[in-house]
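In what follows, chain A forms one complex with chain B and a second complex with chain C.
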Partner chain A sequence: MSSWTIIQQSLPMFGKGFELTLWLSFVGIIGSIIVGIIVSLLQYFNVPGLHQLASIYVEVSRNTPLLIQLFFLYYAFPVIGIKFNAELCGIIGLIFLGGSYMAEGFTGGFNGVSKGQLESGKAIGLSRWQLARYIVFPQGFSLSVPAMAANIIFLIKETSIFTVIAIPELTNTALDLIGMYYRSNEYLFVLVVGYAIILIPLSIILTLLEKRVRYGSFGN
Partner chain B sequence: MDHSGISVLFEGTNFERLLGGLWVTVKIAAVALIVGLILGIVLGVLRTFKNRPLRVILRLYLEFFRIVPTVVLLFLFYYILPREMNFNLPGDQLATLVFALWVAAEMSDIVRGALISVPQHQRESGKAIGLNRYQLYRYVLIPQAISLEIPATINLATRVIKTTSLLMLISVMDVINIGQQIIEANNHTHPTGVFWVYGLIFLFYFLIDYPLSWWAKRLEKKRLERANG
Partner chain C sequence: MVEQILQVEHLEKYYQKKHVLHDINFHVDKGEVVTLLGPSGSGKSTLIRCLNGLEEYQQGTITFEGKQINPTEKNWQQIRQKIGMVFQSYDLFPNLTVMDNILLGPTKVQKQDKFAAKKEGLDLLTRVGLEDYANAYPRQLSGGQKQRVAIVRALALHPDFMLFDEVTASLDPEMVRGILNIIQDLADVDHMTMIVVTHEMNFAQQIADRVIFLEDGHILEQTPSKQFFSAPQTKRAQEFLDSMDF
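Let's look at the complex of A and B:
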């Protein structure tokens, strides 16, 4: 069979994998942003007790590989009576990982708001809450947009690791097909194209966002 | 007979075997980092030159390694090198090669970013006192770029270490693969062993990566303090 026929016949399966990659990424990213906002706010307001907990979470999540986090959720948790299906494990793992990356991005944005802005705010008599509400958050969130975009790309790439717990996303689909039909070149080609379709537009958007934020703060 | 799960770690040579696996992991990360850093510095310097075709090629190299997930990169090399180029490497060397090329790509961007952020007047002053291109890089640009580069480079190292968890996918006998063997061999006697083995591996990764990322954060903070006075 020609390579082209092989590729054509595999497209319906890759289509399903593609959809699953997109869906899991989408849910994982939304969850990560929510967790990230909560964690960065706990840290920003130094909420007693909770902000130390948030810091521990950030360090543990950032300094361990997603693969081990997934193995823990999928294989070790059932031993203590907590059981999820593979896809839910993938989503929880991705949110556990992504939450800390997003939190660091937001915290970086808040810290990036210039001292002069804070001092001017204090000088006109804003309270701590007003300072956060009208000065730090609006500027901080826009400063953290490029970090957020970079994290989104990172998290989509990380979904390829879901293959280790046999979630039939893009990478798993390709490995399955290679295992069955031994046509590695064709299936790897479709796999790379699949990721390129998702990630190239995003990485172009990321470059534009970086320029825009740079323009916003430096004017060039 | 059931044993408490944690004892699985210390039965027979299990603990030594896990440490041995960890050593394989660390060795691959270290070699890949050293080779990748050297290659990446060279590529990064080349990317600041005005030669357009060279810049385009290096940019494409970077984007390819950025866009394709590392799992996929590993499998690309794992399947395509032996089949298309008749080039057979054992898994650990193959992984070292892939990681080194990936580190070189990321490093080239870090180096380029640091070099172009050295203020323009520094470059011009260097030229004004008659430095040639080599001297300009050697005495003016690279020393100033290094303080910008180091935190990013350490962060890259932590990423490489985390990414070594993928070694098991191409059947390298790394710490996770050995952990799985121990879990399977002791599943009957230690049904909760899985919790402790993966827990220990989790801890291993944390203990290696946490000090590195702490160090990077501290250097970055110091640099910002110096920059802002």
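Let's look at the complex of A and C:
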């Protein structure tokens, strides 16, 4: 069979994998942004007790590989009686990882708001909370858009690791097909194209968004 | 008797071990315009920033409108509504329109009625010639226009006292006059009490009732303006004036 026929015949399966990769990434990224916002706020406001917890979470999450985090969720948790299906494991793992990266991005943004802005806010009598609400958060979130964009791309690529817990996303689909038909070149080609179709347009959109937000908030 | 609005007594300020303000004592009368002069690094900005709590001081007292300030952040928050400050770098909030920059303090801090505050904001903008820019963003303004908005933003809180920290230092020369006229107008028409840090000697001479001359964190002299510019008491002040081109 020609390569082209092999590729054509595999497309319906890759299509399902493609959809699953998109779906898991989408849920994982939204979850990561939510966790990231919560964690960065706990740290910004130095919430007693909780901000130390947030710091521990960030350190653990950023300093362990997603692969190991997934093994933990998938193999270790059932030992203590907590069992998730593979997809839920994947999503939880991705949010656990992404939450800390997003949090660091937001924190970086908050810290990037200039001293002059804070002082002129204080000079008109703003309280700590008002300063955060009207100055630090709007500007800080804008400043963190580039980090957030990088994290989004990163998290989508990380979903390829889900293959180790047998989630039939793009990479898993390719490896499965290779295992069955031994046509590595064709299937790996489709795999690369699959990721490129997601990531290249997204990357372009995110770059445009960065510029737009930057101009909207800071005018340059 | 003239009412004193501000008294500073035995103020000492350190940055870690560096002693930057030494036993600072002065007062400002209501309606008086004081300029702080001195070479770069003499502590002018640090001193003026101590007066609205942007810098901590380690010893001494500041008394404002008859009450000694207990220098906690919470107290400063209250006092800052009465002491307006304008900075060298304008620092308008780039994410807000000109009008929202102006309204933030009056409506969020002082809970003024938004409609009335907006009307007053427009009046103030008209006064500085920027009535057409209410809905513009800071990025659309020139440096001089930004600084005028920054002044309006401070005035919108109805302060009793204004601090101007080298407000013309980063402006193009042709913009400077406009800003100085606004400050002059505040002094002449509103009889606003103010402390002005500036390197514009002509302006200082024209606007100030009194000059406080600072060097290396010490007040070397406090002299009525006329006398300071014609015959300063100290040799250092004379040298300083000789070195300035005006």
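Keep in mind that, in the parts below, the second predicted complex is superposed on the first by the 205 of 220 C-alpha atoms of A that agree within 3 Å, B and C clash if a C-alpha of one lies under 4 Å from a C-alpha of the other, contacts with A are read in each partner's own complex, and residues count from 1 in each chain.
In this section, contacts are C-beta pairs under 8 Å (C-beta built on N, C-alpha and C of every residue); 3 or more make two chains touch, one makes a residue touch a chain.
Owing to the predicted nature of the structure, the values given are computational and were not obtained by experimental measurement.
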Partner chain in contact with A:Tyr134 - chain B first, chain C second, else both or neither: second
Which superposed partner A:Ser142 touches (first chain B, second chain C, both, neither): second
Per-residue touch tally on chain A - higher for chain B or for chain C: B
Chain B versus chain C as contact partner of A:Ser120, first or second or both or neither: second
Chain B versus chain C as contact partner of A:Lys83, first or second or both or neither: neither
First, second, both or neither for A:Arg212, with chain B first and chain C second: neither
Of all residues in chain B, those that touch chain A in their complex: 5, 63, 66-72, 75-76, 79-80, 83-84, 158, 162-166, 168-169, 176, 183, 191-192, 194-195, 198-199, 201-202, 205-206, 209-210, 213
Residue numbers on chain A that touch chain B, as the complex places them: 59-60, 62-69, 71-72, 75-76, 79-80, 157-158, 160-161, 163-164, 171, 174-175, 178, 184-185, 188, 191-192, 195-196, 199-200, 203
Residue ranges of chain C touching chain A (in the complex, touch as defined): 52-54, 73, 76-78, 80-81, 84-85, 87, 89, 91-96, 104-105, 108-110, 137-140, 150, 153-154, 157
Chain C-touching residues of chain A, taken from the complex the two chains share: 114, 116-117, 119-128, 130, 134-135, 138-139, 142, 216-220
